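In structure tokens below, several structures.
You will see two complexes here that share chain A, one where it goes with chain B and one where it goes with chain C.
Presenting the complex of A and B:
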């Protein structure tokens, strides 16, 4: 097991290197410079390029970046004057992480309840309603839901603030918008798992023992169907990571997604590189955690 | 317990906790009952660094938390601020400024003439790498220093006691406006050095000289405050104690917040739909931007059609600017009457410079068709094909190209127009390397004086993308900037002559003066809106 994790970590570093290289050279294809002012004279532009080392040959810029990155120095933002990229990301990542975690917790809890209720009411009206809701939750993109929530609870019935970050109430609408998809996925997953459990031999045995329906469901079926949900958390967290980019725009949340979107049109090289690396690393860690969890939960899976 | 009971209890708990915390004021957000002003920015601010900032909205915050030697009043004229007096020498080459007594920084320390010298040195210092170093061009040695060819202390800005002397290399008609700029507001050297890399990256590592101090900006958050600076020299006239600033990126959300009374001014010009839905609101006000959209014609000889004056004139006459503005900007902007935009600058008699210099651009399809035919005959051609370049980043780009293509091809038989939409950065590059036939250029003024536009096409100017030579134009502009530099009415006449020369040779084709539209709370008074420099001055703004 430990050997396996170590192997994966080495592979991750290699993948990161590929991501850095690809991003670095792809960025060079974009026209222009990070100095967006069309009024800069060619002389002033040349001076700025020298100051920031952008006049060096490409391979040298690339090597400089790699050496810096290896030492944890991701450069200084062009757009956010004076601010090191590590600080920019360091301040924004916790915001995105909090938003993602809240959405994940809400989504999974709602999903566990709804899935269980659906399974127990298999094929009746309650199950039907839950089926429709979960289909909607999966198919309606979070940013559409976000706009609907803003309209309903920000303006029609102004209960919650619709922009910014800092107070708990500001986190409610974006959390709900992001939680819909994990809630729907979990619902459907738990429902099918539980229907399977309810038809299994040990439930039959429990019934034969004379246990009440409630005890059967709570003590046996439900617990067993909850475990596999763990394996869902990795992919869902990864989806939240990308989904939050748009939600951060809609609700003006100072997270890493907002940062990423703003840095591209302004060609803020160091920030684009830094955010890409962070996104790639987070995604790889999520996948690794999922694989490990799957192996723990299901002994039939062997990691090697 | 039955499941539904659990759900019901859970729901009740949520309601109770929610209502309780809300009543206890833990929710924030809606604390706008008092006389605090509340403003919105459409993008997060990037820095509080006076020398390095290039962003308009960061500039709004810097300008309202900073003071300069002069400040623009509600009539658009520079008035004394930190300065007790500003005197120009007769040849316009030297300015002598005396500071007021007892000036202080927000931390209570003394604000001195040296702080002014330092800020000018810092912006031109190549180590600072400010994109706005060129604004100091014309001050003795500024260009040499920013090119790394002269020492920073050779700059023509020096202090003795509380007197500052500015020595210029050439007379600058806009000089007094430079003394109002946010990028030239004073900075304290010892403070900047002490903060080092952290300087101006959040509200606690910044020192303020202006009406307000920034509070609670940690470098990333989208809500913060501006609080009155009691050490500001004119604090007795600052009536607002606190301004809430919040970033709201979605324009329609911002408009809704305005309607709920949560923000006091909001733009409605971001999309045509938003404008149409709100233009009849009684709070709607026009917000001109002092930006002209115009076409540049490649006159290097690369394109023989555009080297022909008759064909250029035909294109100008075939442009229906009123119809274009209505279709492309839903009528928010104003049809252009020349290069210099409306609401940029006033003439010596107080009129609008754009109106005064307007040379008479008109729409005449018949005359255009005749001229086009003549032009083609001169070249021995039967038809012409031209490509118009624009950048895809601005919302009106595609519709502008569509309109020009449709109307020009209709008015001028034998003309074929191709559209080329490229990213903003590519458009700049194509313009500078003359890789275009016709290009849509947007130019915003830096200061309320004609030279911010007329400098564009002087001989040897790097912004003359069409690379035309117009001697009448160049000599008129040079006259304005040398012999007439301190005589505004003579300068107005020079600019009028320059504008007429551009018109006569059809060197460019002005399309529209870009404008915005905003909703502004009628209870808020005293706010100064500028088309250049500090776009919103909140110093004297109050809410009744």
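Presenting the complex of A and C:
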């Protein structure tokens, strides 16, 4: 087990190293930097380049960046001068993490309920309705759902605030918009897992020894269908990352997604690079946690 | 021992070869069988016809609504034609050229107040510089479909080739190739798409490439797993011992046998590509204006959502319907190809 975790950690660090290297060199060949302004005098340009360490040879810039990144230092923002990227990201990370966690928890809980209910009502109306809802949840991208929610509950029936962050009511609409997709994925998954469990030998045995339907479902079928849901958390986290950037923009939430989107038109490369690395690290940690949890909970998963 | 008197028995025909070998149903090939099962799934069939219709429409619309007609606007008359609500010419509330301003209960006839000449109607309204939303959506639909389908085809080519090669070679080559997939898939797609978008600049081709770069991973993984199991089959062994080359075995035996999985995977890739196109547009890395895509139409109309929701409604509905149709058809095909799954 420990060997497995160690191996994964090493692979993760190696991947992060590759990501940092790739982003660094990609940024070197990106067209257009904020220093292309023709109004800049040569002296001012040289001054700027020294500030950002761009006058050093490339390999030295790369080493500096690598060492800095290992310490969580991603340089200074082009756009907001004097602001280290790590500070910009650090301020915004908790907001994005809270939004993502809320959406994940709401989505998974709703999905667990809906999946179990549809499996127990297989092929009747309740299953049908939940099937329609979960298919819609998968095919409506979260930013479109976000726009719909803004229109309906922000403008048409102004029940919730549609922008900003801080109070609980401000988190409701963005959380709902983001939670729909994980809820739908979980519903579909739990439903098919549960139908499989209900037809399995151990459920037959439980029936044969005279357990009530309720006990069979709660004690045997449901528990065994919940384990594989863990494997979904990794991919869902990836989807949440994508979704949250646009959702943060739509709802004006000061998270790292919004920062990322704002940095693109202004070509604020240090911020883009820093965000990229943080995103990749977050996703990798989520996938690692998912895999370890799955291995702990389900001994059938063989660790190689 | 009593000898049985054969005359006491009557032959009922249980042994007759005719009765034994009569086949009640015609023999169906894999594809015929899948098609028969798919036809039972109404939603999948409706989705299939919808998609065929949309794609045919997108092709034909090249003649009916050229790109120029949708992009051009009369700069002198922007004030007259801008932000006109949908007008069907019939007294249907919400579709009669009248719109309610927020906080106002009476609808105003915008066509009259902006001085639009009589008889001029925009069935889906106009945007903020007076271009017909209907035309913009048709052109946008075309671009979005083009982006999604071409990106998916690239994914298909890379994914299948990579997967078959990796699975067929096995050993350290497979190991290295799988690690590469693992590394690439631990980078969020959004990041890869954004980076490539930044690098290649905006434009249809660069969007296609950016989206294609992320989509092939899951295809490659699935094809590789299928290859691992299929290459142990007897027919592959037979082909090998007959001296068939590896390339030929892959093309003639492996790929046809995993066609079902591949088709289902393609159906799931297209909606993803459509969504990523929209995401790119929303973060200013999409198609260059005045070109429109469903994503750019949604992104552009979002600023005025409170006042002109109709401008966002149509492209958003189109985008969702197309994704939905692909997903439903994909689900239907998966069940049709794998009868065990549909027994649930």
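Heads up, the rule we're going with is that the second predicted complex is superposed on the first by the 288 of 304 C-alpha atoms of A that agree within 3 Å, B and C clash if a C-alpha of one lies under 4 Å from a C-alpha of the other, contacts with A are read in each partner's own complex, and residues count from 1 in each chain.
Keep this in mind: contacts are C-beta pairs under 8 Å (C-beta built on N, C-alpha and C of every residue); 3 or more make two chains touch, one makes a residue touch a chain.
Every value quoted in this text rests on a predicted model; they were computed, and no experiment measured them.
With both complexes overlaid on chain A, does A:254 touch chain B (first), chain C (second), both or neither?
So A:254 only meets chain B here.
Of the two partner chains, chain B (first) and chain C (second), which one does A:11 touch, if any: first, second, both, or neither?
The second partner, chain C, only.
Once chain A of both complexes is superposed, is A:284 in touch with chain B (first), chain C (second), both, or neither?
second
Using the superposition on chain A described above, determine whether A:30 touches chain B (first), chain C (second), both, or neither.
After superposition on chain A, A:30 lies in contact with both partners, chain B and chain C.
Output check: A:265 vs chain B and chain C. Expected answer is one of first, second, both, neither. What do you get?
After superposition on chain A, A:265 lies in contact with both partners, chain B and chain C.
Touching A:141, do we find chain B (first), chain C (second), both, or neither?
A:141: touches chain C, not chain B.
One more residue to check, A:149. First (chain B), second (chain C), both or neither?
So A:149 meets neither chain B nor chain C here.
Where on chain A do chain B and chain C both make contact?
Shared contact residues on chain A (touching chain B in one complex, chain C in the other): 30-31, 150, 155, 249-250, 265.
Taking the complex as given, what residues does chain C use to touch chain A?
Where chain C meets chain A, its residues are 102, 179, 182-183, 186-191, 194-195, 198-199, 201, 271, 275, 278-279, 282-285, 298, 302, 305-306, 309, 312, 316, 319-320, 323-324, 327-328, 331, 344.
Would you pull the chain A residues touching chain C in the complex into a rising list?
Within the complex, chain A contacts chain C at residues 11-12, 14-15, 18-19, 23, 26, 29-31, 122, 135-136, 138-141, 143-144, 147-148, 150-151, 155, 192, 195-196, 238, 241-242, 245-246, 249-250, 260-261, 264-265, 272, 276, 279-280, 283-284, 287.
Could you pull out which chain B residues touch chain A in their complex?
Those residues of chain B that touch chain A are 3, 7, 21-22, 26-30, 43-44, 46-47, 49, 52-55, 126-127, 129, 131-134, 146-148, 197-201, 218-223, 246-250, 253, 256-257, 260, 393, 422-426, 428-429, 432, 446, 462-463.
How about chain A: which of its residues touch chain B in the complex?
Of all residues in chain A, those touching chain B are 30-33, 35-44, 47-48, 51-52, 79-84, 87-88, 91-92, 95, 113, 117, 150, 154-155, 158, 161-170, 249-250, 252-254, 258, 262, 265, 267.
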